[in-house]
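Encoded as structure tokens, the structure appears first; notes follow it.
Note that the chains are named A, B, C and D in the order they appear, and that numbering of residues resets to 1 at the start of each chain.
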Amino acid sequence: MVTAKLMTSSEAISKFVCASSSISLGGFTVNRNPMALVHEIIRQEIGNLHVMMHSGSQALDLLIGAGLVRFLEIAYGANGRFASTCIRFRKAVQDGSLQVEDYSNFQMSLRFLAGAMGVPYLPTYAGLGSDIISKWGFSKKQRSTVESLPNEKLIVTSNPFNSIPEQLVIVPAANPDVTLLHVQQASAEGLIRIEGLAFADIEQARAAEHVIVTCEELVPSDQLRKESWHNSLPHLLVDAVVHHPYGAHPTACFLYYDYDAAHLNDYRSLAEDDESFEAYLTRHITSLESFHDYVKLIGTKHLGSLLASKELGYARREH
Amino acid sequence: MVTAKLMTSSEAISKFVCASSSISLGGFTVNRNPMALVHEIIRQEIGNLHVMMHSGSQALDLLIGAGLVRFLEIAYGANGRFASTCIRFRKAVQDGSLQVEDYSNFQMSLRFLAGAMGVPYLPTYAGLGSDIISKWGFSKKQRSTVESLPNEKLIVTSNPFNSIPEQLVIVPAANPDVTLLHVQQASAEGLIRIEGLAFADIEQARAAEHVIVTCEELVPSDQLRKESWHNSLPHLLVDAVVHHPYGAHPTACFLYYDYDAAHLNDYRSLAEDDESFEAYLTRHITSLESFHDYVKLIGTKHLGSLLASKELGYARREH
Amino acid sequence: MRADFTEMEMMTIACARRIGNEDIVFCGTGLPLLGAMMAKKTHAPNCVIFFETGALDPALDEIPLTVGDSRVMHGASQNGSLLDAFFYMQNSRTGPNVLGILSGAQIDPYGNLNSTVIGDYDKPDARLPGSGGACDVASLVGRTRIFMKHEKRRFVEQLDYMTSPGWLRGIGSRSEVGLPRGGPELVITTLGVLDFDESTRRMRLSSHYSYAEPDGIQESTGFKLDTSHSKEEENPTLEELEALREVVDPLRLILK
Amino acid sequence: MRADFTEMEMMTIACARRIGNEDIVFCGTGLPLLGAMMAKKTHAPNCVIFFETGALDPALDEIPLTVGDSRVMHGASQNGSLLDAFFYMQNSRTGPNVLGILSGAQIDPYGNLNSTVIGDYDKPDARLPGSGGACDVASLVGRTRIFMKHEKRRFVEQLDYMTSPGWLRGIGSRSEVGLPRGGPELVITTLGVLDFDESTRRMRLSSHYSYAEPDGIQESTGFKLDTSHSKEEENPTLEELEALREVVDPLRLILK
């Protein structure tokens, strides 16, 4: 049937992402970051990006470090024990090269949900009284010139169903141009299946104009249509499918492999210094032709040590 | 571990449903109606109920016919080819014994979602310009005396993020006292798994103060915790679990059995006449001690003819 | 029954002819679904059929009798929830591509529909099922088409209750109330196919079936129709009738 | 390191002691999670631990290093989404039962927290990770507790940025801004445990560890504390230390 969606990551990125695109990345901290796709954006040097995220970590930090992100709407820029604040993110905000506006994880997830639902806003109580409401990262004027930014950040409003005054805050819809996901299984037709936590991947995908998916396994559509209630998105919402085993490395892919703690710890040190960070980018991304070469570079033996127990979903730590 | 949730339908209904309760029923038209639980409400003659539904059919029609429903908020009272309008619903509205207020399926689903999210309302474009917004089934005065009714029906509002005027309608949250579901699998701990379409069951359950679940199969919690991303609700949200094979008959339970077309067609005729409807209730519900007796009455042989093909999820029609 | 095909067959085939390979069709059950299934099994194999219950692109090996029938679940692209289906329609990326097929008990000159009550809302003469998802589809998707039995009592100047918004009071009024897009493009009836004047959005006769004359159609309509541009719709071909009778509804579950 | 236990062990155990069998604990990772895991593996086996990523009641056979770690997924009651977790906290049926454990870089006398920037928001001296779900938990759940390293530069009169609302400006101000419930009940630090005066909601010392004196704790605090009612917290027992070191974190992933 329709297999026009099956392509390389290079094709997918050049087809759907361009300078000044607004993008969102799936996954959460150490899990299912769309690394293969982010490598490709870096290789193609697509810049001036507007990134919308809940909790960004490894994939986002590479994009920022490569100097490709101009605007960032985000709730969290850290990676648990591997970076209490993501290094290149921290540096870029501090040196003013990256403009950031802060939300909470719930607010960002609701913004994607609003985009997915097709409404301009959703209400919540989260954040009332905090500086997340009062402090903006983008001026009103800037918002009027950057199309992908909402006209206002957050608006405090009241509940018209209640005669007693009751306040809520409404969050504006986020509708990225492109959402990038890495998932466990996909089919050429564009069916996808996420196992374990979905994070906000579904809302991020539905809110986007285009969706690019990399997968650990490319499986026949017939197989995914058998228990279709376990599918995560209908095929109509997915524009490009790329088969990239280990496509989330050095982050984890539940049931397939664990995160690469050694690599993440090394990265944290290398990212602290501009030169060693540049060297990291060159060695792992820009000097390579594709993510397949990156997988070769990391090496079968090392990747084998990360293989997940099918029962646990992660690699048991050695005692 | 905690097995206090495992009980009979008689215990579950008498524990969580009382006169004037607001309740919502899971399933959709011919699928997964919580019949065993509704039979029990009828047997216990719990009346003056406020029912909140999207598309009600067999279970709702029995409750209405038994004279137990006082207020109904609903989007659809029909059963496809088996009743272009549910018979007892139609009669009760026409003779004024049932007070009804109309919403659309999306609006009702959003109302449950708002309740599940914990916000007082959600916005949508659905229904703008229609009489669903302008015509109310309950007066403002009545709303102020019935606690389970929202203060207003639907409110047309504008989008404060947009400088150009843009209208939306906001729907009030629905938070039933009790939601009744029939699902494929559940555990004593309160884990549940729905296969096939979930309809609005998840939102209805999350919006409710209490949730009673009947299941086709009672399975060990360990089994459901293995692929926990396929579970439909966490155990904390379920108050009572009742094991009732065929608990949705004469509606279907996907993968287990098909709807009983003959029974539904018979019902349509019997429901047209007050006497024959009363006889139906007596024979199938009030003269019986429990839903197990109903299953015996329907008979193993007949139920066997409804068994679903595990591959298709329904019983192939004979050519 | 006329000649060698019925009115129901004619209108179902008129519907199927107008569904293309790229269409994403929202459907209830009954005749509209037969039309969509027929299109998919003949000239439009890639069209996608979905239901408000959350089932998208199911195999439809057998005809479902309600949109909650297990037959809408098997072999689907996704089985989600009601909200999944409605979000898909409301979303400004996906909603505009959806072609919704609706029905009702009453229709007015602007394609507004009533499926709630006949008579007064508070004391109805006849209670009907209500909106279901009809109001939502009519509000949200890019294009709608309407199936109607063509009778004077159904084609009325003034609805008893407006369940599903069509063109409301004519050109411009959908955007005035805030509806984001959409509106009915065709009404497929037992006698012919009607469309809406682009400058007024008032219903007019577009084509009549071989067994129906424009004047007769006006007779069966409770409001004034412009019938002057109507063309005769081609009779069903043998291939079409065979596909409908033998492939789509061999058990005569809907066509009876 | 004091005597035969560390400050980190002491505060983790102080946290664990205060978690009951019926508690539904929202947790990040690090020390607060160790405390919750220790409670669950000792005196509170039925307490439920959940994460903002959507994992509820996982097996936690190994310590997760972020809330996105696959170790929060295995053996859970449900693996959903971020929204599932936050809806659970915001829902007025379930939210009030949740005990949230938070942390931050700065805390003020009313338990408000900063985890976003040090210095000016537009030109920060130091950029921190941001809220993540902290602001949401602080806004929505029934009770919160806060883990802090007890240092003068962290306990400040005025935050540089208020990421997570505590008692805001004192009694009554949470409901004034519209927060539905909640507020911090305890601050568990490296030196002691603090609570909030019920009439003012200002922080005060509730207990001090054996190695810390109330006066010294005031010294390490950038605002005035009422230390007059402080009692000495019991030292960790051997059983407690064994559970923490051998059962909860045998690989010393978090403890040092």
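Heads up, the rule we're going with is that a contact is a pair of C-beta atoms (placed from the backbone, for glycine too) under 8 Å apart; a residue touches a chain by one contact, two chains touch by 3 or more.
Because the structure is a prediction, the values reported are computed rather than measured.
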| item | value |
| --- | --- |
| Between the pairs A-D and A-C, the one where more C-beta pairs touch | A-D |
| Centroid spacing, where centroids are CA-atom means, of subunit A and subunit D in whole angstrom | 28 |
| Centre distance in Å when subunit B and subunit D are each reduced to the mean of their C-alpha atoms | 40 |
| Separation of subunit A from subunit B, taking each centre as the mean of its C-alpha atoms, in whole Å | 38 |
| Shared interface positions of subunit C, touching two or more other chains | 73, 79-80, 90, 140, 180 |
| For subunit B, residues contacting two or more additional chains | 117-119, 124-125, 166, 168, 196-198, 229 |
| Graph class of chain-chain contacts, one of line, ring, star, complete, other | other |
| Which pairs of chains touch, using the document's own definition | A-B, A-C, A-D, B-C, B-D |
| Sites on subunit D touched by subunit A in the complex | 29-30, 52-55, 61-62, 64-74, 79-83, 86, 90, 116, 121-136, 138-140, 161-165, 168, 173-174, 177-180, 250-251, 253-254 |
| Subunit A partner contacts - residues on subunit B that touch it in the complex | 117-125, 150-152, 155, 157, 159-163, 166, 168, 170, 172, 194-198, 227, 229-230 |
| In the complex, subunit C residues that touch subunit A | 24, 46, 48, 56-57, 59, 73, 75-80, 87, 89-95, 140, 180 |
| Subunit C contact footprint on subunit B (complex, rising order) | 27-31, 54-55, 57, 74-82, 84-86, 89-90, 93-94, 96, 100, 102-107, 109-110, 113, 124-132, 135, 137, 156, 166-168, 196-203, 252, 254-255, 258-259, 261, 308, 312-314, 316-317, 319 |
| Residues on subunit B engaged by subunit D in the complex (per definition of touch) | 1-2, 115-119, 175, 189, 191, 206, 208-209, 225-226, 228-229, 231, 233-237 |
